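The data blocks that follow each hold one structure.
Next, two complexes with subunit A in common: one pairs it with subunit B, the other with subunit C.
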Partner chain A sequence: MTADIVILSAAGMLVSVFLMVGQKALFTTIRLYGAQSLLLGVVAVTIAVSEHRHDLFVTAALTIGLKAILIPWFLMRMIDRIGIHREIEPFLNVPASLLVSLALTVIGYRVSSGFPVGARGVSHHLIGVALSMLLIGLFLMVTRKKAITQILALLTVENAVFLVAVGVTSGMPLVVELGMSFDVMLAVLVLGILVQRIVGRFESMDVSRLSKLKG
Partner chain B sequence: MNLLVWMLGVPLLTAAIGAVGSPRKVMEATMLGGLSLTFVLCLATASQFLGGTIPMAFGDTLRVDGLSALVLVLCGFVGLVSGAYGVGYLRRNEARGLVNTRMRREFYGLIPAYVFAMLLVAVSNNLGILWIAVELTTLASVFLVTFHDRDTSLEAAWKFLMLGSLGLGFALLGTVLLFASGRGSLGEGMSALNWTRFMDVAPTLNPFTVRLGVVFALIGYGTKAGLAPMHTWKPDAYREAPSPAVALMAVGMLNGALYCILRIHMISMAALGQEFSSELLLTLGLLSVLIATPFILIQWNLKRLLAYSSIEHVGIMVFGLGLGVEAGVFGALLHMTYHSLAKPVALFSAGTLAQLHSSSDFDRIGTGTFTRAPIASGLLVLAVVIITGSPPFGMFFSEMTILRAGFLSTHTTATAVFLAALVVLFCGFGYQIGRLVLGPARDAADRRRPAPERFDLGMVVVIGAAILASVSAFYLPGPLTALIRAATQVVWGSA
Partner chain C sequence: MSPAIDALVTVAWALLQAAGMLAVAPLLKTAIKKMKARLQSRQGPPWLQGYYDLAKLLGKEPVRSETASWVFVAGPRVYFAAAVTATTLVPVLVAAAPLERAGGILMLVGVLALGRFALATAALDTGSPFGGMGSSRDMTIAALAEPALMLGLFTSALAAGSLNLGVLVRNLLQQGLSFQPSDLLAFAGLFVIVIAETGRIPVDNPATHLELTMIHEAMVLEYAGPDLALVEWASAVKELLYLTLLIDLFIPAGIALGVAPVALAVALVAWAGKVVLLAAAVTLVESTNAKLRLFRVPELVSISLGLAFLALAIRFL
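Entry: the complex of A and B
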């Protein structure tokens, strides 16, 4: 039962990443990221209940509060405030991007098959999902022009790492976990300030224009 | 109260006072006083270590061994030098009316905060805290990169933050995987992530998971160190950030990132034997030195030139570590020490030239700077002679140690390529700096007049640092040598 919920949620996270790749509206992409974080929270709660690890409730609360609600809200408010064009303009079109993502998922699963079978017998799947998310996140980062989509790609990579942390190791020590969440929040804030400065200066969030420095 | 807590608390308090903002004189005095005290506390910690007790705090979450002590002393030193030069730097800009309240608060707040984060990196025994500290260094330095608020500084900061965060994501995954590899044997709670715990149970870790974790962690921390091919943020950030902040990046951050790489390398050596991570480091090091070569030859900006020099030097250190022999490790740590002493001189003298000409681009500075700014130009030449590894200065000896270790080891071909790249780099630097300093002076019709050179605080700091860097070639204080030996022992003892 526990294993089923965990695997289902992890699969849901992978699906959300694929939808992010296929999605063109900026707001929907942010909501997808929120859903993805919510699923990560579900994984944490499930493991916390089944293994009686109370630390993980804190992790789950932080994940849901911060990544499923606060960060998406912050990003949406930022877009509203600077009032930019709300479509994503990828360098690569959607069907091709989806095909690449599929290939990356296969690679992620191939690597994960070398892992020893964990306590719950699901580690292998979780690592497969996490590595695929990581690779697709990297791919999104290089093929998207908008600053916000690059931030979302970065946050997806972060979620992939936390999936391994929660699912495979049953969570890092609590103090470390708190520190990490704090850092992620701070990083998003700093990124937000930077985006606002970029928009104020270039009147666009298109980071492909940032190409003066070479050599 | 605990010495380590004081050592971390002082720069943090300095940062807090600087960020609140107060009269200029008070802020300057706070920064100078705070960073001097920090350096003294670093020395005290190191001497406590040399005296035989291992300084620890919060259980053994913070712990100082030989390697930590060496990095602490070097970071404390560069913190003080950069802080002092920074005060002079801001005064110069202030005199020209280029500084506003935001800049003052950012500068006096972020520089001590950056120093705090670097010192935290150097004393973390816990891999989780280590990661958090590295992330803090990144966040503290972003707004130093955007300090001048130009179009290009936003671009540089964006690249810096994106690549840095991605690298840190990788490093975090590496840390998590290492943690996962020791399920059961590492125990519970905070101490389960302790580096010392990892070393105790290294042989029982799951080899496959460790291997994957080590690769991710080395790539992640390698990004922060600026190893090729993850180095692309470096030239941009160095050009845009003010010179005192660049010195913190080029020496403090570089040493800190190298420290993380070493910790991971040691876990890998203890768990998997020394070949696996050594080969990886050797490849990354050689690649960094090779990639720096063409860019130095075609460079168009003085501070970017020094960024490629920093990529070269981290490449040299990592190459030495990757040779898999004790002499290579010793050479690398010796190189780290000499680099920490010499690099600030190069950056500050270049920064002075850039400030006088209001730009660090070669075509804006123009050739023949010796006639316009003899002291800064002379110091730049001296610094470049030192950092290109010319005898009789220290980096010649550390590079010779690494080369000798390389030719005596099994990696002779790699060492030969490495040597060839070093020769090209030496010539490239000679060409670029020679042209800049000694080339034909601007013709009389050129009406852009650079500001005249002044004997101010900034200049005093550069001259002092230059004397120190030159003297270090002939005399390294006994305790410092003892620290380098102790650090070598820590690294090599784990193989």
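Entry: the complex of A and C
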């Protein structure tokens, strides 16, 4: 039962990343990130209940409160203030991006079976999903032009790392987790300010315009 | 049991199941309309509206264009026949399909494709620009949706070790519920396909006749009277069929293994509940999304193609 819920949530996270790749509306992308973080929280709660690890409840609460509610709310407010709602055509169009993401997922899964603990069972799927999310997140960061999507991609990578930390290893010490959570929060805040500065100066979130500073 | 009686039972069962699906399908269509109306704070049509519409259309005389040939007349009939045939290939209440010896997944996809081909050809027949536009659009989507449907079905077939839907459901029940990431990926992929195939909102709008956006409606624009009734009825049956297929493949719990009355009653309640649940999901998607531009639709369908492919790939990795 535990394994089922964990695997189902992990698969849901993978689906959310794929929908992110296929999406252009920024609000939907942010909501997808929120759903993804919620699923991560579900994974943490499930493991906490089944293995009687009460410290994981704190992790889950932090994940859901911070990443599923606070950060999406903050990003949405920022978009509202800037008034730009759609992703511009990325460097690679959607079907091609999807194909690359497919290949990355296959690679992620293939590599995960090389880990000693990742050869089979729940950990195989968790490591596979996490590696795929990591790779797709990096890929999104490289190919998207909007600063917000790049932030979301970075957060996705962070979620992927967290998934492995919670699901496969016995979890990190609480201090480290707290530190990481606040790091993420701070990163989003700083990046948010940065985006507002970029928009203020270029009247667009298109980071490819940044290279024009040279002229 | 002698082969003759066996054959008789099979035929009776197939007819019964087809009749049942035909009878329920208009109700499902009305139920979705009703749920959608509720979400928009409207009353919605009365529960029997689907039947009233069909009765009205069937009572009229068919009006056909002078340039139409037999292809135009045959289109709705083949489409209807294909949909009805398809209902006998899918397990509904009992974990076996009446005509499962005739073929499994490939047969089902083939029969549905035959119906689509007949309707698209018929729409081209009158030479009206709308019909041609409709069939061209329908085929564009179908060309992507069909491989995705096959890949999604294959994923489940691989898990159960059979291409035959009856055997597939029985094996899934015996294995018990065990989730794999590929199940969820395949479900997500197939759900998008169901929305695309039944002409629901992010892909097509069943409630509009706006030239720029319509797909299915453009194809059947030339039909009137009984011809139109057949098309509408078959579309409703197809919708019910796809939802039943999703239930069979991913949430088969509750389906009867024998023909004991109690088991059948339980299966009927479970099936109805699950259909309503999936219909509610479809309604929610329809109410919370805007219709996509036509050129964005292949992107959506290719996402589901990707998900279905991935589901299959992960099975092997």
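The working rule: the second predicted complex is superposed on the first by the 202 of 215 C-alpha atoms of A that agree within 3 Å, B and C clash if a C-alpha of one lies under 4 Å from a C-alpha of the other, contacts with A are read in each partner's own complex, and residues count from 1 in each chain.
Just so we're on the same page, contacts are C-beta pairs under 8 Å (C-beta built on N, C-alpha and C of every residue); 3 or more make two chains touch, one makes a residue touch a chain.
As the structure is a prediction and not an experimental result, all values here were calculated from the model.
**Student:** Sticking to the clash and touch definitions up top, decide whether subunit B and subunit C on subunit A clash or fit.
**Tutor:** fit
**Student:** Touching A:V161, do we find subunit B (first), subunit C (second), both, or neither?
**Tutor:** A:V161 contacts subunit B only, not subunit C.
**Student:** Is A:K212 in contact with subunit B, with subunit C, with both, or with neither (first, second, both, neither)?
**Tutor:** Once the two structures are laid over each other on A, A:K212 reaches subunit B alone.
**Student:** So in the superposed three-chain picture, is A:Q150 touching just subunit B, just subunit C, both, or none of them (first/second/both/neither)?
**Tutor:** In the superposition, A:Q150 contacts subunit B only.
**Student:** Please indicate which partner A:S113 is in contact with in the superposed arrangement: first for subunit B, second for subunit C, both, or neither.
**Tutor:** second
**Student:** Could you say whether A:G22 touches subunit B, subunit C, both of them, or neither, answering first, second, both or neither?
**Tutor:** A:G22 contacts subunit C only, not subunit B.
**Student:** Check the residue A:L186 against both partner chains and state whether it touches subunit B (first), subunit C (second), both, or neither.
**Tutor:** Only subunit B is touched by A:L186; subunit C is not.
**Student:** For A:L98, using the defined touch cut-off, is the partner it touches subunit B, subunit C, both, or neither? Pick first, second, both or neither.
**Tutor:** Second partner only.
**Student:** Of the partners subunit B and subunit C, which touch A:D4 in the superposed model: first, second, both, neither?
**Tutor:** Once the two structures are laid over each other on A, A:D4 reaches subunit C alone.
**Student:** How many degrees apart are subunit B and subunit C as seen from subunit A, counting from C-alpha centres and rounding to the nearest 10?
**Tutor:** 160
**Student:** Subunit A residues in contact: does subunit B have more, or subunit C?
**Tutor:** B
**Student:** For the combined overlay, can you note the least CA distance between subunit B and subunit C, rounded to whole Å?
**Tutor:** Superposed on chain A, the two chains' closest C-alpha atoms are separated by 18 Å.
**Student:** Name, in rising order, each residue of subunit A that touches subunit C in their complex.
**Tutor:** Within the complex, subunit A touches subunit C at residues 4, 7-8, 10-12, 14-15, 18-19, 21-22, 94-95, 98-99, 101-102, 105-106, 109-110, 113, 125, 128-129.
**Student:** Note which residues of subunit A are touching subunit B in the complex, please.
**Tutor:** Contact set of subunit A toward subunit B: 111, 114-116, 118-119, 123, 130, 134, 138, 141, 147, 150, 154, 157-158, 160-161, 164-165, 168-169, 172-176, 179-180, 183, 186-187, 190-191, 194, 197-198, 201-202, 207, 210-213, 215.
**Student:** Give the list of subunit B residues in touch with subunit A in this complex.
**Tutor:** 126, 128-129, 131-132, 135-136, 138-139, 142-143, 146, 149, 151-152, 154-159, 161-162, 165-166, 169, 172-173, 176-177, 179-180, 183, 189-190, 192-193, 206, 208-209, 212, 235-236, 239, 295, 298-300, 304
**Student:** What residues on subunit C touch subunit A, complex-wise?
**Tutor:** 177-185, 188, 298-300, 302-303, 306-307, 309-310, 313-314, 317
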